[in-house]
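Before I ask anything, let me first share the structure, which is written out below as structure tokens.
Read from first to last, the chains carry the letters A, B, C and D; within each, the first residue is number 1.
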């Protein structure tokens, strides 16, 4: 089993991740002079959430050929589910000191908590929703789409329509989820103050663990026979049908799993950045996820994670170093990568390494 | 190779941090500028970035502050709310700025609040907003609803005899809150609810045909009608173009806007819009020597003698001189000292008065109502006699009417509940 | 002796054009049966109908005289035991030859079953047998994409057998094969027939002759003639529409 | 109302015989007091009967009257060269150049403007120019000032132009209703107004519905007019739908080629539209500064330029990037997304991040009444323009050899190549064409929307929806898609509101694709697949 899940690249990546998971909190909390500043901790936690999101997309796109331009929606839904819990946890510490209602409800004149907010005061319930809500959406959407054999670009565009519609919906203040401002001003999670280094370090470790789990789960799926069937679907869908596989079922399965994974990523992301709002649903965000995957290396899982981290890191550094013109750099990066690294960064790196290393078989 | 990547990631950050630390050693005072230079908000915010650079340059020409030069640190939060928080943290932790001037939308401000609270730094927020907030580390130099909306409505009733109201806004917090305040206020004045029409549109709404004709229909009942517009930046131009094209003149149905200034009009042929109004605390057309000087320096700085000035720019102008004055008074850039020193500081604004920082971290300003001219400028048709202090907690909303804000000891609370007699939830 | 496949009065048209017109046909269990006919005679459409890819406008299609195939989709028909080989070889290019066979191997097609499937010794043995049968054992680790056209044909046949179907529908297997390979294919199909039923659609007369089996001539969507190749090829109308060309 | 009453009282007090001195006196008073005082003075000036009155009021209306601080008199400023020169309003003697601070503007606000127009209207009732008389009639109609009845009667008698005469009668009718004339007169007035119909009449009549004598007549008139209005509103909605559809069509049609026909997911499409808009801006800038008289033709100059600019950029994109990515549509998504970022930033760096002013030429500004519908010229021309572009494109693809080549290549690249078609060149041309059309769209959109670096982002999603809904690779699909979505949107909007309407339409698209996984018009030609 171990050998099946951990190939060379996965091994190296997970090792690196593990080292980081230990080093970062220690360097941030335990060592004198904070070699790892809190600023960096929060940042890296955010990157890891993105990485998990990228992995979840790679699972459906890289292996089942389902290009979702709406994966941001699942991410955001997970984020909102967690955000709603954090809102409830504020309790009477809102600016109006209302014991029950979040601030935005108070000044939008709600007299009672809307029904869909009930239960979110319970952490476990929230966590359940974090996976269930995106999972359910993915199920309904996928069931419709795959059953009626919507494929390729048409599928991509309606996933985009889905996230776009959700964005507009969440922008509406009537929805009772904070409208454009979304959910913010969180105080603490499970009693841990979100503004302390230890909590941040904790979130970082959680993010790292989630990413590891996500990678292993995806790896388990893709290396199983089901994984091979999915690749079959990607290469020759009708053939798979004639062999006797009900393709829609298989697609639906990974789509839902992937959506849940994205939801988890979002749920960790929310406390890390301290805000969740409809902007996360914007089609542009979802497109960016695709770009992470393509840039890192589609169909490699690890590559997707790396792609996400590279882009996010580039964004952080560039917006600080060359705020006036950073878009040139970012845009240029996308163009050049597609032109010169058809297999993404990971593919390129491995090819160059393989030149020096004696030929060794790596399973996909 | 992946752990190499990791390593370099760590290094990358580390170096950028070290750089920051090193730079902080030099004998300059760093000032953070947190305005979007890309994305949807770049339209409005880039100007504010430039105005800050100008003000800092001027101050340095005058010998800086406390004998030290000021060093602007510009970052681009790219109109992305979580990125605002990240960048704020970067400014404070990595670059160790003494204060930050920035943000445009409420949501971006909300997303950086916890950062400023945690790292105890100062933010100057220059944009008119919905109020309902007073945070220890934030100084609100833009207008609160009582510095814009209420006087504007008073003017329309008094001078234009308006009896019927359309409250049109983009669907987010500022218009929602402002319109609720106005609705309460109008009904208080005896306006019948059926004489108030409220309409919300999404961000960047571009097809206004239906709504404009609805407004025209609503305004054709014989009662004099006006539109109070809290429509957000991007959507305004198509709105006004449709208004002009459908031939709704200001004499039939005047539109008074709270988010449309000279910058927005710069993108428009204003000939069909003459007479429509806006309420601000500053207009470029204000006729004072201070303003002439300001416009002069701005246009030379930006190298374009047609470049306009607007209200948020004045807000930064006021905020910045207040900060300078406070730092000099405190003799240090230490946050707590400056925050205390800021309250009560009075500096000349561009409309010929002295604006001062209230104990609720809002400032006093005059309220002006201007009519759009065919040259894209506003002709000031009315202004308050004295200055108005921004009210953090509106008196027209039941839940906030009971709250007051006073950051001076002993109270030092942003949301003190006068009924329960204790500092409400958040204030610690 | 019961019929394996039974078509009666089947018609199917695509926007006006009648691809299949009142076609009736019976395939006995274990029978080897060749279908010939000019292009557009409806050969492929017939297969689509049998495999549930296309729904006929009218007519009955029965499997084992019990199952109504018009109500079943591709996967369903495959699970019943109908294997189909396309004219253009379609294999899973980015899977290894071995994996191609492995996922075709007869097994529970359910999602979870597939997810948790672990290959048994028996299955591994079966795979090797099949690979040897189609002479790809040495290439088992290669990507299917790297195979030659002929090898892909063989691989597909291998996958077909891996499903262990009761009925094979084979669409122009000889296309792109050398004469030697063609003959081998013919032998293979003949050897298969008996325990399984085989329906071969073919242009190549040599190949059909090599099969020497019952032949059905399709023309404009309906059966023109039936019998041995010599018999049908003697019929004037057949010569007219087909061999005449 | 109240103000009007007050004014009339004051007028009575001051007595009606006003002479030249009083005229000059009133003019001298103009700078003093607030707007209501100024309104009174306006009436005095009008009633003085002085022949300079009209001119003075016109100047006041235009906001050209100032109070000269040094001379302490009312002057009119007129721009001579770069600086403002003051002239004594009464003697018209030149006083000299005034700086920003030397003179104080005599301000007018909307209320005052209304008063002045009404007064001027009364003065112009006998004006030789029929257009002026028409405006005068409208002004008096709006004011509904009973004091004008006699003047109107005189005007009606003298009137030669029938339309103007009716306008006078309608104006008179309103005045009569506001007057204290007897019921029969007023009933007649109501009839006149009922015949006028339109949106504003019910407003006028509404005031009299509770009147014992007029109530019944007024109410019936109102209901009658409103019933007619309802029908017109239906038409109006369809019109709005068509107009929105035309915008969608313009935005999407270029994509229907690059994405639909070539299968390139061109994320930079929106930016190409933006380039078109900015070209229009640039053209107008040049025209404004160099030859203002050409301004009305600016769009005719801008359109071909926009097509070229966007087209060339398109060709550059195709040759430089896209051509290496054929058969990898998703990589094109990635690359073109990068390109879109670059284009945005380029425009931002060149033109600045703010909105840019693109003016409407006269033939595109304003609106006209079609029965009960208001049709704005800009929208009408854009609708026609979109149809012209569509037709042109259709012809080009179906009738020309170029189009033939394009279809050949897109349907079977290899065979086309074997037949000696330079596929590379055709690809570049096709992509360039799509891009160029996007540029044309930009010209049109600059007339109704804002011209900023973000312009493109606003349209990209909608464009893809239209193309996919219509069925990629089919121009007719794009047409049908655009208009059906536009109309659907506009019919939902009144009930659901702008946001919900859009959401519903999106959900509809999602479900529709389930029914027809290949869009409204099923795909022909090279399959758009990954």
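Operating definition for what follows: contacts are C-beta pairs under 8 Å (C-beta built on N, C-alpha and C of every residue); 3 or more make two chains touch, one makes a residue touch a chain.
All values reported here derive from a predicted model rather than from experimental measurement.
**Q** Would you say A-B or A-D is joined by more C-beta pairs in contact?
**A** If we tally the C-beta pairs in contact for A-D and A-B, the bigger total goes to A-B.
**Q** What's the farthest chain from chain C if centres are computed as the mean of the Cα atoms?
**A** Centroid comparison gives B as the farthest chain from chain C.
**Q** Need the CA-centroid distance for the pair chain C / chain D, whole Å please.
**A** The answer is 66 Å.
**Q** Would you mind pulling out the distance in Å between where the CA atoms of chain A average out and where those of chain D do?
**A** Spacing between the chain centres: roughly 44 Å.
**Q** Just the number, please: Cα centre separation of chain A and chain B in whole Å.
**A** 34
**Q** Just the number, please: Cα centre separation of chain B and chain C in whole Å.
**A** From the centre of chain B to the centre of chain C is 73 Å.
**Q** Using the touch definition from the top, which residues of chain A touch two or more other chains?
**A** 168, 171-172, 324, 327
**Q** What residues in chain D touch two or more of the other chains?
**A** Residue numbers touching two or more other chains: 344-345, 457, 499, 502.
**Q** Hunt down the residues of chain B that sit against at least two other chains at once, touch-wise.
**A** 37-38, 171, 200, 202, in rising order.
**Q** What part of chain D is in contact with chain A in the complex they form?
**A** Contacts found on chain D: 259, 263, 265, 267, 321, 324-325, 328-335, 337-342, 344-346, 349, 457, 461, 464-465, 468, 472, 499-500, 502-503, 506-507, 509-511, 513-515, 517-519, 527-530.
**Q** Of all residues in chain B, which touch chain A in the complex?
**A** Residue positions touching the partner: 1-3, 5-6, 9-10, 12-14, 16-17, 37-38, 74-78, 80-83, 85-87, 89-90, 93-94, 105-107, 110-111, 113-115, 117-118, 132-133, 171-173, 176-177, 180, 200, 202-203, 397, 399-400, 403, 414-415, 417, 420, 424-426.
**Q** Under the touch definition given earlier, write down the residues of chain A that touch chain B in their complex.
**A** Residue list for chain A touching chain B: 9, 12-13, 15-17, 19-20, 35-40, 42-44, 46, 90, 92-98, 103-104, 106-109, 168, 171-173, 179-182, 184-186, 194-195, 273-275, 277, 279, 302, 306, 309-310, 313, 315-317, 319-320, 323-324, 326-327, 349-350, 353.
**Q** Spell out the residues on chain D that touch chain B in their complex, using ranges where they run on.
**A** So the residues of chain D touching chain B come out as 1-3, 35, 63, 100-101, 105, 107, 109-111, 113-114, 117, 199-200, 202-204, 206-207, 236-237, 240, 243-244, 247, 344-345, 348, 352-357, 359-360, 365-367, 374, 376-379, 447-454, 457-458, 490, 493-494, 497-499, 502.
**Q** In their complex, what parts of chain C are in touch with chain A?
**A** So the residues of chain C touching chain A come out as 51, 53, 73-75, 78-79, 83-84, 86, 90-95, 99, 102-104, 109-111, 114-117, 119, 159, 163.
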